[in-house]
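Both complexes below contain subunit A, partnered by subunit B and then by subunit C.
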Partner chain A sequence: MKRKPIIVFSILVVFIVLVLLISLQSGTFQMTPAEAFKTIIGQGSDQQELVLFEFRLPRMVLAILIGAGLAVSGAILQSISRNDLADPGILGINAGAGFAVVLFIYLFQGSYQNLGGSVYILPMFAFLGALTAAALIYSLAYKKGITPVRLVLVGIGINAGFSALLIIMQLRMSPNDFMQATVWLSGNIWGANWSSVLAILPWIAILIPLVIRQANTLNVMRIGDESAVGVGISLERSRLLLLFLAVALAGASVAAGGAIAFLGLVAPHIARRIVGPRHQLMIPTAALIGSLILLFADYIARNMLAPSEIPVGIVVAIIGAPYFLYLLIKTP
Partner chain B sequence: MTEIETKELSIGYEKRKIVEELNLKIPKGQITTMIGPNGCGKSTILKTLARIMKPKSGSVYLDGKIIHKESTKQVAKKLAVLPQSPEAPSGLKVKELVAYGRYPHQTGARSLTKADQDIIERSLKQTGMDAFKDRDIDALSGGQRQRVWIAMALAQETDILLLDEPTTYLDLAHQLEVLEVLKKLNEEEGRTIVMVIHDLNHAARFADYMVALKAGKIVQEGAPEQVICSTVLKDVFAIDADVVTDPRTKKPVCLSYDLMIPERAEEEELIPAGGAR
Partner chain C sequence: MKKIYPYTLALATTAMLLTACGDQEDTDNNTANGEADETVEESDDADDSDSEAGGTEKTVTDGYGNEVTVPSSPERIIAPYLEDPLLTIGLEPIVQWSVNNGASVQDYLADELGDLPYIDYQLPLESVMEADPDFIVVPDEGTLGSGDYNQYSQMAPTYVMDSETGEDWRATLLEMGSLFDRDEEAETALEEYDAYVEEVKQELNDTVGDDKVAVVWLINGAYFVVAPNIASGAVLFEDLELETANAIAELPEDPDHWNELSLEAFANLDADYLFLVNGDEDSVESLTTEDVWSTIPAVEKDQVIEIADDSSWLYNGYQANRQTIEEVHEQMISE
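Up next is the complex of A and B:
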C-alpha cells in the first residue's frame, strides 16, 4: 500500500524527465544528444545555450505546469459534480477564458504585441473570463443549493453561449487577429519565455498543495450529497471553495496555454485507474500525468510537421478524443 | 447519551407541505422504526432529523440544541445517517469507504491515526466485513455492500444511527442479516437506532418503539403491540389485516391482509403520487 504510490510517482517523474530531454534536443535547430548534454552542463556554444535555455526549456516547464494545472482542475470538477465527464472545457470555464482573451485581442487590434507587460495582462484577462464563466454557472445552477446534475447541465449551456459569442467576435476580426485567436483557442503554448513561467508558477505551486489539503473533503464529496452531509461536510461552503480552486487553476493554465481540451478530462481518469479514487494519491498522480501528456503532445506538435508547428491542443485532442469516446461507450 | 427530538416540525417541498407540526421524541438507547404508506413523509422526517433537509418551521433538537444551527461536523460526531441506496465511487475499497466515516474526527488533510485504524477495524468486525476489507466495493453483493455502509456509519462513533430503508433490494436472508447486525449494535453498545422500514413484520420484530405515520402525521406511536394491530393498520395503510403473535419472537405479525377498496381510492386522491418520499 505504501510502496505502490512511491513507485508510481517515480515512474511518472522518470518519464517526464525522459520526454523533457528528448524534447529539448529536437527541433528546427538540430542538436545531437551529446551537444544538448554539453549545453546543459554549461559547455555549449552561445547559440545552443540561447535555443536551449531561452526558447525550449521555458516552453517545456510551461507545458509541465499547464498540464498539472488542467489535470488537477479537471479532477476537482469531476469530484464536486460527481460526473466523470466534467472538465474545465466541457463546463465552459475554458470558453469563458477564451472569450476574454479574444475580447482582449479584438480590443487592441493587433497592437497588443507591442503592449508592455502583455505577458501578465493576458493571463489576468483569461483568469477573469474563467471566473466570470464559473460565477455564471454557479449562480444559474443555484436553487437552494447546488446539485451536481444542474452544475453540469448549466455548464454545458454556458459553454455553448460563450462559444457563440466567440464566433461573433472572431468574425469581426482582421484576418491576422483571427489567425491569432484561432491558434490560441486550439490550445497553444505561446510566448514561451521565463516571464510566462513566472506568471503561472505561483498559481500552480500554491494552489495544488491547497487542493491536496482538501483531499479528505474531496473523497467524501464523491459518496453522494446525503452521505457527505452525514459525515459532517458543509456542502455548499466546501463546494464553493473547491470550485474556486478549480477555476483558478484552469484560468491560470488556460491563460498560458490556450484552451487545451480533453487534458482535464483524461488525466484524472488515468490517475484513478492507476492509484484508485482516493484524492490523497489521485490528485498528485493526475498532476504528473497531465504534465507528461502535455509535454509529450508539445514535443509532437513542434516536430511532426517541422518546421511549422501545430497547436498543442490539437495533438492533445487527437490523443484525448478516442479516449473520451471509449469512456462514453464504457459508461453505463 | 445523545438525545434527539422534534418540536412543532413542519417540512415541505416548494409549496406542498409534507409533514405538519410533528412532535416526536426518540427513545434513548432503543430501536425505533417508522412505518407508513408511500408519500407519508417518513423518509422526509428521517432526512430532517439527519439535518439533510431543512424544516419549514419548528426544529429538530439534538441534546436540546437546534440541529440545523450546530456545526455540521460536530453533529456528525453524535449522529450518523445511512441514506437510501447510497452509491460508492467505483474502484473504492471496503476499508477506504469505512475510513471516510472518520471524517468528522479528522482535521485538515491529516491521515488516519492508530486510534482511527482501530475503530475502522472494529467497525468492520462488528458488521462481519473484516474478511472483505481489501475488496473493491463494486465486487460485493447487495447485502455486503449495505453492511459496508453501516460499518462506515459505525466508524463515525455516534450515539445515534439513522437508516433509511436499510433492507431495500436485499433478499430475505440478507435483510435479516443486516437487521441482526443493527440489533446487536443496539444491545451491546446501547446505540439509539432510528430506521424507516417497509416490511411491517421486520419493523415490529426489531423495534422497541414504533411510529406509524399517515400524510405527515403520527397516527400511533408506542410498543409494537400498540402499533401493529388491525385498527391502526386499517387507518394507516387502508388494509384489512390479520394480526397474530409470532411464537418465535413474541412480537405482533401481520399474517395476511386485503385491500379495502373504497377507502383506498379515497386515499389516493388525498396523497398525490410522490414516490417514496
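Up next is the complex of A and C:
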C-alpha cells in the first residue's frame, strides 16, 4: 500500500502542525484559541507571550527534534541489523547515553535543571556513552561478521548491564538527585528551553541528511550481506559509518530528552508500512512519524494529569510496548 | 525548616516507584497548632509589610549567585516548602506545596494554609504563571523542577537558597527574615523557641530523666528510625537532649534521614519511650502483632505513644518543631 510520497509528507506535516497548534493552546495556563492566535501574531499580553514562546514552543520543537532523531536512529539500526526489533532503546545505546549523562551530572555535581553552559556539552557526553555501548555491542556480537540475532541479543545484555550500572550510580546520589535522575531517565522534556533546543538542533539537522545520503547503502544492506558485497559495497565500513550515525542521533536525543523507549522501534515500522522499504522515502517518513508521535505523547503527558506531568517516555512506552509485543509475536 | 526530600516523597506517592529505595518519604503531618501563632499572626502581615518594608525594592544575591530584585513589599509570594518560615515571619503565601494535587500537603500547617490553592512540588511553569506571583523563593534549585531559572525569573523575581541553608531550618528562617526585611520576627521566633526548648527540657529532666527514647516511622510495612539530626529526631535528641535508644545511638556518623529497622533490631531495642509515627494502620498493626513487640521496654512500661501521620514529626521548622515539642510535652509530662 505505497502512496505518493509527496502526499504522505504533506499529510504528516499537516498533522504535525495541527498537533502543534492544539498543544500550543492547551495547558494549565488558560488560553483560548483566539488568544493563542493573537499571541502568535504578536498581539498577546506579556504573560501569554511568555507561556507560548518560552514555555510551550521550545518543548514542542524539542519533541519534534528528538522524535525525528530517535526514529531515524531506529530505522538505521533495523536496516543494518536486518532485525525489526532493533532500536536504540532495546540495544542499550540509550542506556549507554543515559549512563554517561548521569555520570556527568554525578561527577560535576550539577543539578538537572540549571546546568548552564553544560547544556551544550551534555550531548557530546551522551554521544560518548552511546558510542561506548555501541562499541561494546559491536565487538561482543562480532563473530566473522555480525549476525542480526546476535546483535539484538548482545544489545539486550548490554542494556541490562548499563541499567544496572545506572542503578548503582543512582544509589550513590542524594535522594533528590536520585528522584530527578529517575524521572529524567524515564524520558521527559520538562524544562525545555531554547538553549536545549539549540544544543540538539545541529545534531539532528546535520546527521539526518547524512543518513538520507546513505539511503542506497541501507537499501542494499537490508536485503542481505551477500547482495551488498555483490554490488560492491564495502560492507563493514558502511555498517560502521551508519552505526556511528545512529549512535550519534540516539546520543543527542537522549541527552535532550532522556531515554525514551520504543519510539525508534515503532516509527520506522509505521513508515515502512506507508511508503515501503526504500530508505530514500522511509527515512524522512520515519522522522516525521517520530516527531508526530512524540509531539502527541508530550501533549498527553502535559495534560492528562495536569498540572502534574507524566514523563513523556512513559506515554510513548504505553503506546509502544503493545506494538513491540505484537511484533515479537509476529516475528518468525 | 529542613527539607525532607519532597521529591522522594512525591514520587513514592505518585508512582509508587520508590518503595524500595530506603530513604523515603515523608508525608504527613500536622496537628492543629494552636499556639505557634503567639509570635506570628498571619492576619496582620499584609499591613505590616506595608508599614515596615514600605521602602523601596532591593537587590540581593541568592544562593546561586543570581541577582534578585526583591519588591518592596511582595504580596503574592510563592514559597514552596518554605511555608513554615514564611508564616513564622508573618507572611502568607498564595499557594501551598503539594504532591499530586493535594494528595499530600504539609498537613501540620493546615490551620494556617487551609484552603490555599495547591502548587505541585515540581513547580510547573504554567501553574506558577497561573498563580501570578510577584516573588518566588525556593529552598534549593532542585525545587525549580519544571524549567530553568530564567524561565521562572521571567515570571517573577526568583530567589534560590543555597541548599545548605535550605536544609537548616534556623538558617532558613533567618535568611527569610532578612529577605523580607523581617529579621526581627525571625530572631524573636528563634529566641522564643530556644526559651521554650529550655523550659520543656527542664521538665523532661525531672520526669523522664535518662530514660531512652526512639521515634519510629511506620509506613508501607517498613519501619524507619528517625535519625537524631532530622525532623522530630533533631527536636527530641538535639534540642530536648533526650537519651537516644540504642537503635539510634548506633547509627553511623552521618546517617540517612530515615533508617530502616529490621525486626531483629526491634528485639534489641532498649527504648523506654517509643513514639510511633503512624504512616498507615496496616504497618502499625503488623508491627504490634509481632512477637518481638512485647519485649520492647516501652511496651512493657506502657509508654508507647502513637503520633498521627498528619503531625509535624517528619518536618523541621519553627512551626513544626514547636508542635512536636508540644506533643512531647503533652505525652511525656502532662499525663
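Brief remarks follow.
As a working rule, the second predicted complex is superposed on the first by the 315 of 332 C-alpha atoms of A that agree within 3 Å, B and C clash if a C-alpha of one lies under 4 Å from a C-alpha of the other, contacts with A are read in each partner's own complex, and residues count from 1 in each chain.
Note that in this section a residue touches a chain if its C-beta (ideal position, glycine included) is under 8 Å from a C-beta of that chain, and two chains touch if they have at least 3 such contacts.
What you are looking at is a predicted structure, and each value in this text was computed from that prediction instead of being measured.
Once the complexes are laid over each other on subunit A, subunit B and subunit C both fit without any clash. When the two structures are aligned on the shared chain, A:Gly224 is found in touch with subunit B, with no touch to subunit C. Once the two complexes are laid over each other on the shared chain, residue contacts for A:Leu201 go to neither subunit B nor subunit C. In the overlay built on the shared chain, the residue A:Ile270 is in contact with neither subunit B nor subunit C. In the superposed model, A:Arg213 makes contact with subunit B only, not with subunit C. Panel annotation: after superposition on the shared chain A, the angle at the CA centre of subunit A between subunit B and subunit C (CA centres) reads 150 degrees, nearest 10. Of the two partner chains placed by the overlay, neither subunit B nor subunit C lies in contact with A:Leu240.
Using the contact criterion defined above for the overlaid structures, shared-chain residue A:Ile156 touches neither subunit B nor subunit C, since it reaches no partner.
Of the two partner chains, subunit B is the only one touched by A:Gln280; subunit C is not.
After superposing the two complexes on chain A, the shortest C-alpha to C-alpha distance between subunit B and subunit C comes to 41 Å. Across the interface of their complex, subunit A is touched by residues 5, 7-8, 10-11, 14, 17-18, 21, 23, 64, 100-101, 120, 122, 124-127, 129-130, 132, 140-142, 144-151, 154-155 of subunit C.
Those residues of subunit A that touch subunit C in the shared complex are 27-30, 47, 50-51, 54-55, 111-114, 171, 175-180, 182-183, 190-191, 193, 195, 306-309. Per the touch definition, subunit A reaches subunit B in the complex via residues 82, 212-216, 219-220, 222-227, 229-234, 272-273, 276-278, 280. Those residues of subunit B that touch subunit A in the complex are listed here as 47, 50-52, 71-77, 80-83, 86-93, 96-97, 100-101, 103-104, 106, 108-109, 111, 149, 152-153, 156.
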